[in-house]
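Encoded as structure tokens, the structure appears first; notes follow it.
Labels for the chains are A, B, C, D, E and F, by order of writing; each one numbers its residues from 1.
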Amino acid sequence: MMRLLPQPVISAALLGTWLLLHNDVSALLLASGAALAIALPLVTHRFWPEYPRTVRLLPLLRLAAIVLLDIVVANLRMVVLILGPVSRLRPQFVVVPVALREPFAITLLASIISLTPGTVSVNLSGDRRSLLVHDLNVEDAEAAVRRIRQRYEKALMEVFE
Amino acid sequence: MIELASRVAFGMMALALLLNLWRLLRGPGAVDRVVALDTMYVNTIALLVLLGVWRGSPLYFEAGLVIAMLGFVGTVALCRFLLRGRIVE
Amino acid sequence: MTLFLTVLLPFLAVLPPLLVRRHGDQRSRLAGLCAIPTAAALALVVAAARDVFAGAVPQASVAWIPSLGLHATLRMDGYAWVFACLVLGIGLLILLYARYYLSAREDLPRFFSAIMLFMGSMLGLVLAGNIILLVVFWELTSLSSFLLIGYWRHDEDARAGARMALIVTGVGGLALLGGVLLLGAIAGSHELSAVLAAAGSVQQHPLYVPMLVLVLLGAFTKSAQFPFHFWLPRAMAAPTPVSAYLHSATMVKAGVFLLGRLHPVLSGTPEWFYIVSITGMATLLLGAYRAMFAHDLKGLLAFSTVSHLGLITLLFGFSSPLGAVAAVFHIMNHATFKASLFMAAGIIDHETGTRDMRILNGLWRHMPYTTALAVLAAAAMAGVPLLNGFLSKEMFFAESLFIAEMRGLRPIEPVLAVVAGIFSVAYSLRFIRIFFRGSGTGMPRAPQEPPRFMRIPVEVLVLVVVLVGILPGLVIGPSLAIGARAVLGGDLPYYHLTMWHGLNLPLLMSVIALAGGTLLFLVRRKLYAVYGRVHPPVTIEAGYQGVARAASAGAAWLTGTLDNGSLQRYVLLLVGMALLAGAVPVIGRFSAGALPRTPVDAVTVAGTLMLVTAAVATAALHRHRLVALIAISAVGVIVSAGFVRLAAPDLALTQLLVEIVTILLVLLALDYLPRRSPPDTRAASRVRDIGIAAAAGAGVAALAWGVLTRPADSISRYFIEQSKPAGGGTNIVNVILVDFRGFDTLGEIAVLGIAALGVVLLLSGVDLTASRQHGEVARDRAPLFLTMITRALLPFALLFALFLLLRGHNLPGGGFIAGLMAAVALILHYVASGTHWTESRLRLRYRPLIAIGLLTALATGLGALAFGHPFLSATFTYVDLPGFGEIELATALVFDVGVFLTVVGAVMLMLSRLGEPVPESPADAAFPTEAAAWKP
Amino acid sequence: MEALMAVAVGALVACGVYLLLRARTYPVILGIMLLGYGVNLFLVGMGRVGAGAAPILTEGTSDYVDPLPHALVLTAIVIGFGMAAFIVVLALRTRIATDTDHVDGEEVL
Amino acid sequence: MIEMIVGFFMIAGAAFALIGSIGLARLPDFFSRLHGPTKSTTLGVGSMLIASAVHFSTGPGTSLHEVLVTAFLFMTAPVSAHLLCKAALHLRVDRGAAGGAGSAG
Amino acid sequence: MSGHLTILPVLLPFATGVLLLLVPGRSLRLQRAIGLAGVLLLLGVAAALLAVSTQGGPRVYHLGGWPAPFGIVLVLDRLSALMLALTAAIALFSLLQAVQGQDRSGPLYHPLFQLQLVGLNGAFLTGDLFNLFVFFEILLIASYCLLVYGSTAPRLRAGVHYVVLNLAGSSLFLIAVGTLYGMTGTLNMADMARKVAAVPAADVPLLHAAALLLLMVFALKAAVAPLYFWLPSAYAAASAPVAALFAIMTKVGVYAIVRVYTLVFGAAADPALGGLATRWLLPISLITILLGMLGAVGVRELRRMQGYLLIGSIGIMLAPIALFSAGGISAGLYYLVHSTIVMAAMFLLSDLIAKQRGGKDDLLVQGPAVTQAGALGLLFFVGAIAVAGLPPFSGFVGKALILSAVRPTGWMPWIWSLVLVSGLLAIAALSRAGIRIFWDVDADDAPVAVRWRLLELGPTVALLALVLGITVLAGPITLFLDAAAEQLLVPGEYVRAVLGGAP
């Protein structure tokens, strides 16, 4: 099984992508998609040696929902910030300690932070234990860090570790 | 309805792109220009999708998808150039 | 055919001398080798005498270039026969003479080879029966003369003399070519016999004068006529056998030979009379005058030759029958006495080691026999009775009187003739004097008689001089008659060849000349003083030298100024020419078309504005290279969006991807280039460039406007109609690319493949790491987020690429787009994770990949041949797969796969090579250099 | 629209030519690229710029823009890319060999 | 009704894109400006895609491929932002070295 | 298979080149063998096509089976057959020289060489204007690679100039082709000829401009004044076999001029269009003669001198061609054949000579005795005679043909003067060079120890023998060329062959 499907989640995603690309579902597409979903990772898995061992799907979906919701909310908040007087902004760097060990999970954490308007992942420390984040408008730095850790990092732990 | 909405949307997109170009030319730093270019790419996706809807044609979708998937390569390379002086090591 | 053999014989001896093994004393071997064909040719000519004397004109012809009227025609009338005898007879003597003259240590094969080349050419010249063929041989004589003058190549004078002779006579030959082409065109044929028969039509023709001038330019340069005489004295740097043979007896006679050859068709007009006779007269006088003051023995003889050639020219210029006879006669006489004089001079030089007449003295004491021969020949040159020179000079005097009479009794010609005669006597006396003055000491070497056989040629010639002088009618009469008859092209005038014509005016002139000459000789020292003062500081030769130097310097200056090595200049010229080409037809005639204008919208206006701004920014900020790159990337995005606006989805996709790869490429290169350009040095040129650029932009814009506003009707309707039924695809652009115009696409991927090979080629053997710029760099080589996302993205990007490839025939996509997609996804790994990491996982060899891609496309095209269809014929079919429905199978897809593979291979090869100096695979390493000489 | 097209093409060509006339390889390369954009737009324009659907056969559509220039431009883009790649590498290789990025391979003042 | 939805999302998408671009244009320093584009990336493109999906899902068949754009943009955009930050940090640490060309303007 | 003969000149080197890419670089001998075999085969094909071309009208090959003007066609007529044969011959000798060792100063020589031939042959065969552009690009990119082969500084320098100018030229080409397509709606040259002949008066100025822009593109390739400046450095810097091969490259420009301005803008076109090539080309070619020959006199290096002589010779062949008369074209083409062969020989020879002069190389100054002065001097003498247009070789025949062909025209005084003056200048230049190299020997300068084996002199000797051959066979050759010129001047035949049906 591992030999044929070294990266099962990827394979599933590939099949889905294939159908989405065609914007259609048919027997032929399913068959060809399945074939490609099996074939491609066989070629490409060498390029992703750190492919996460475990991926839990349900937590992942839940996380996705949270993130999407946050993005919408943050976007709306940002409208005010961007269009309002510049002097009202309180931009600040904050350091987020990282407990995650799975590299891909850390990457996802950083991505989520960046995708949420108002925060951007700036840098990961060399030991991968802290993440420098720029926040456009910080009222309480510690609260911001806490929010990130509880809302996203925890969820990511559930997915990957 | 769609005609009117798309006119408004097109106008806003045009303005957005012009602002991007302004930042690109204004700088002041190289990174500012790169951000502007990156944003231009992203806004172009929106523009392409908008155009597709307006023309009722799905033919432009893949162009948007290409940008979504690989548009960041230019930005990555430029940044890497700024960071390391060379983009492939 | 005998004629061909005759001409061929000397040529047969051109190569063998060069192949003879070089050891020991080769002189006899080489001279003998050359003498055999010469003698054989002479025998053939002599054997032909019976026919020729009987009035026949042997002729042989082989077609060569009919459309040019150039046939290999040889023709031997009396005139040609006489010359052939001279060429071969004197040639034979020269070979013998040279055998003793030359030192065994010299590069003899070269000498004998060139002599034989000359002999063959000269023989061909005189026997040519086609006037273009005559020019062929004519120029060959100039070339062989060049080689012979420059024979002593270590001698600066020899080199300069050779080049001068070649340029002057070579140019004359070119003029002659023009002349004979005109002549042939006027006469309706280039065959000599036809030309000679066309006198009437030729002289009436409006192009007669230009043609005449061109022909005469050829003749005058060759025969060293004023003002082209100066090369001949310079040619004296040649070994004396050459001077004797080429530069007195034969080659320089080619010019006057030509005057005689074309006499029937060209002469008799006022133009001929004035140009030829005035030139001849000027040359006659100038040569005689200069010979008077030459101190070099050969120089004296050279100027004397110039003078005698002038005399012959003058005689032809008279256009009278008797003048022509005299000319032919003097040609023969001069050849004999002057050749023998040169040989004698050579002996003297050879024996004493000097040619300076101020040093030579008392030679008769040491070499009485040679002295006797030389004095006889010199006396002939002076026109002393009982010798052949007297006879022809007498005829000349007579003819000058006749012409003066014709022209109304103003005795210009006779007076000038006598003046020339006086000088001629005087310089002959100067020549004779060296034998008798002084005690025969003080010369570099003590002279003695030359070897027996070296004298024989001189003896033979002097014998002829004397025999002709005493018994002209018997010895030379028949030959002169047939020669002159051919020149006159009809009956001979009355003349009587004898030594004694009674007391008459010509005799008186001779007497005056002899007496005057003697007098002049006696007062020569005073003349030398005068000469030193009045001799013009600017001679023709100095003029020539000046012009040549100026031309050479001018050419060098012009070339250096135009071709100054500046690309900016060259581009400017190209743009300028294009502007000119585009503007001239349109200015004042430009009109827009009638096509209704398409309405505009806000985004397009904004887009155009952005495009223009970004383009201008690129140009304005180009010195800040990274900034300019970012700006041009913006141009690329806008252009891509523009393609979408113009309903070109395939183009948009392609442009976007190319854009990305281009940024990568330029960034890779920027690492090795300065980050900034230095400022342009001159503001003025920047302003000029802005002007030119604006004009170019305006020009193209106008062109675009002109076309865009015109209604269109194109072959594209066919593509739209046939794309699906005949091409099997709904993406018309793709069907055009892989089917209707698949040949273009094959070529296009070939270009891409070659470009990638070029990158390999350029980067082979260069250590890029050593060349890159070092600056402070961030430590993080492979940012984690970047590598993670890159790795996660790869299968999806490849899937997308395959998707685009497979659907390309029907929807936007195709091999090229897919190939770029895949390549970018792979290249990203080089960027994110480094070359080493990537290549240890990606075991793709790009060069074979390119080859396989190209082969796939090629094989798809070739497949059609198996079914009897033309290359690149595509086919498709619909297959019903149970359970899956109908799918299309098209060869076009295979072709597109070829495109895909080539693109992936090429792009990867280019970018990966630039990244890191990958240790070269042995296959790409430069081969070890075997021969050091091939080192670049 | 026709005028906008002409203006865009003209501006690209003008800027391209200006850069082509510079003394350093890098701006010259940029100039060639700009010229390429201009020429490609020009070529697309040769199919005219009026209304018309993208040249993908679609049910119910009969008015397509001229597809042939698109194919030509695709070819031109590919060739242009190959050429650009070559000259970029040529420029850097020349810089390494001659120690200058002047287009004449030597510092000209 | 469908048209209303499509129109709404169109304008919303364009508005978010515009606001993001305004942020990029007017905010005072680099890191602040960087927040602008995330708006374009997320809700700008996202809204537009919803408009597209709704629009092309009317009539026969549904259109869901718009999801792909969002998915891939969400993968790649943070990487861009991250590298931009790193570059900005780096250039500020040692001006004049690699940043020589970068600080030009 | 004979039906496909027309496309073989493209396919054969293409396949050979691609095959060579798959041969490991180490097996140079195998590469050489394959490359030489390919060129020999190509020579055979070219010879067969030459024979075929004399039988009847133009042969048309419809690629992909698509009817003209929609698909791309290849057209073989006498002119294209001639160019193919010439290319194959030059290629053979160039390659024979290259395999003596100059193909080892870098990788990929042999595939690039074959692909260069693809570009050349395609350009000579295609009947489609855009396809001509594509083949131009193939031959250009391959020539860029071959020019800089070995990556020495002079080659790179010359390469930058050559590449930039040609890239600008390619842009111009596209603008011209685009305009022509925009105005006529077609790319097929035969079809375009028909459309141009029927164009309304209002469209003439734009077409005229496009035609002239195209002429400038071809003029750049042909190295005509004032667009020749790339050539001397490029050819001087290139390795000898490459320079020899490049002798055919400028002829592509000449070929294209002949083709396009007889076919598309020929006698059938509007008078403003029909005569434009003459009006522009003649003065330009005369200036080219003068500047080329003056350049030859003015330069101080032998290789550069050959470059200038080549430029001069382009002017000489274009002047009669520019009259677009049968005689003029025929004479010009004869000179083209002559010039290509002899210049190729001279480029090879210059290199052989220079390498026997040690540090003096090809500088025209006093230097050491050329090691094999006898043999090389003889070859130089023969070559120089031919180049200068002196008898008895083909240069003389060519000039004589040109002079007599242009005689009946008003341009005669100009062309005659310049052609004759070109001879003078060539003699001056070459005699100076020959004297400096072979006669002006510095006895203190020790000769270098480089000696050429017979095999290394072979290609030069063979090319000069070919010069002799085309001199001796000038009769039949001019007959062929006359027919070729007639064929070109009656483009209706070509148009019918391509498009079918009545004119």
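By our rule, a residue touches a chain if its C-beta (ideal position, glycine included) is under 8 Å from a C-beta of that chain, and two chains touch if they have at least 3 such contacts.
Quick caveat: nothing in here was measured; it's all calculated off a predicted structure.
Distance between Cα centroids is largest for the pairing of chain B with C.
Counting C-beta pairs in contact, the pair that comes out ahead of the other among D-F and B-E is B-E. Central chain (C-alpha centroid nearest the global protein C-alpha centroid): F. Distance between chain centres (mean CA atoms), chain A to chain D: 39 Å. Rounded to a whole number, the gap between the C-alpha centres of chain A and chain C is 75 angstrom. Between the Cα centres of chain B and chain F there is a gap of 48 Å. Contact of a single residue of chain A with at least two other chains is seen at positions 17, 21-23, 110-111, 121.
Residues of chain F in contact with two or more other chains: 130, 134, 137, 141, 144-145, 148, 151-152, 160-161, 164, 168, 175, 178-179, 181-182, 187.
Of all residues in chain C, those that touch two or more other chains are 565, 567, 571, 575, 605, 625-627, 629, 649, 668, 670, 700, 703, 707-708, 712, 714-716, 719, 741, 744, 748, 751, 754-755, 758, 762, 766, 775, 777-778, 780, 783, 785-786, 789, 792-793, 796, 800, 811-812, 914.
Those residues of chain F that touch chain D in the complex are listed here as 130, 134, 137, 141, 144-145, 148, 151-153, 156-157, 159-161, 163-164, 167-168, 170-171, 174-175, 177-179, 181-182, 187.
Only residues 16, 20, 25, 28, 32, 35-36, 38-39, 42-43, 45-48, 68-69, 72, 75-76, 79, 82-83, 86-87, 90-91, 93-94, 97-98, 103-106 of chain D touch chain F when the two sit together in their complex. Chain contact summary for the complex, chain E toward chain C: residues 72, 75-76, 78-79, 82-83, 86, 90, 94, 97-98, 100-102, 104-105. Of all the residues in chain B, the ones that touch chain E in their complex are 1-2, 4-6, 8-13, 15-17, 19-20, 22-23, 26-36, 38-39, 42-43, 45-46, 49-50, 52-53, 56, 58, 61, 64-65, 68-72, 75-76, 79-80, 82-85. Residues of chain C that touch chain A in their complex: 779-780, 783-785, 788-789, 791-792, 794-796, 798-800, 802-803, 829, 838, 841-842, 881, 883-885, 887.
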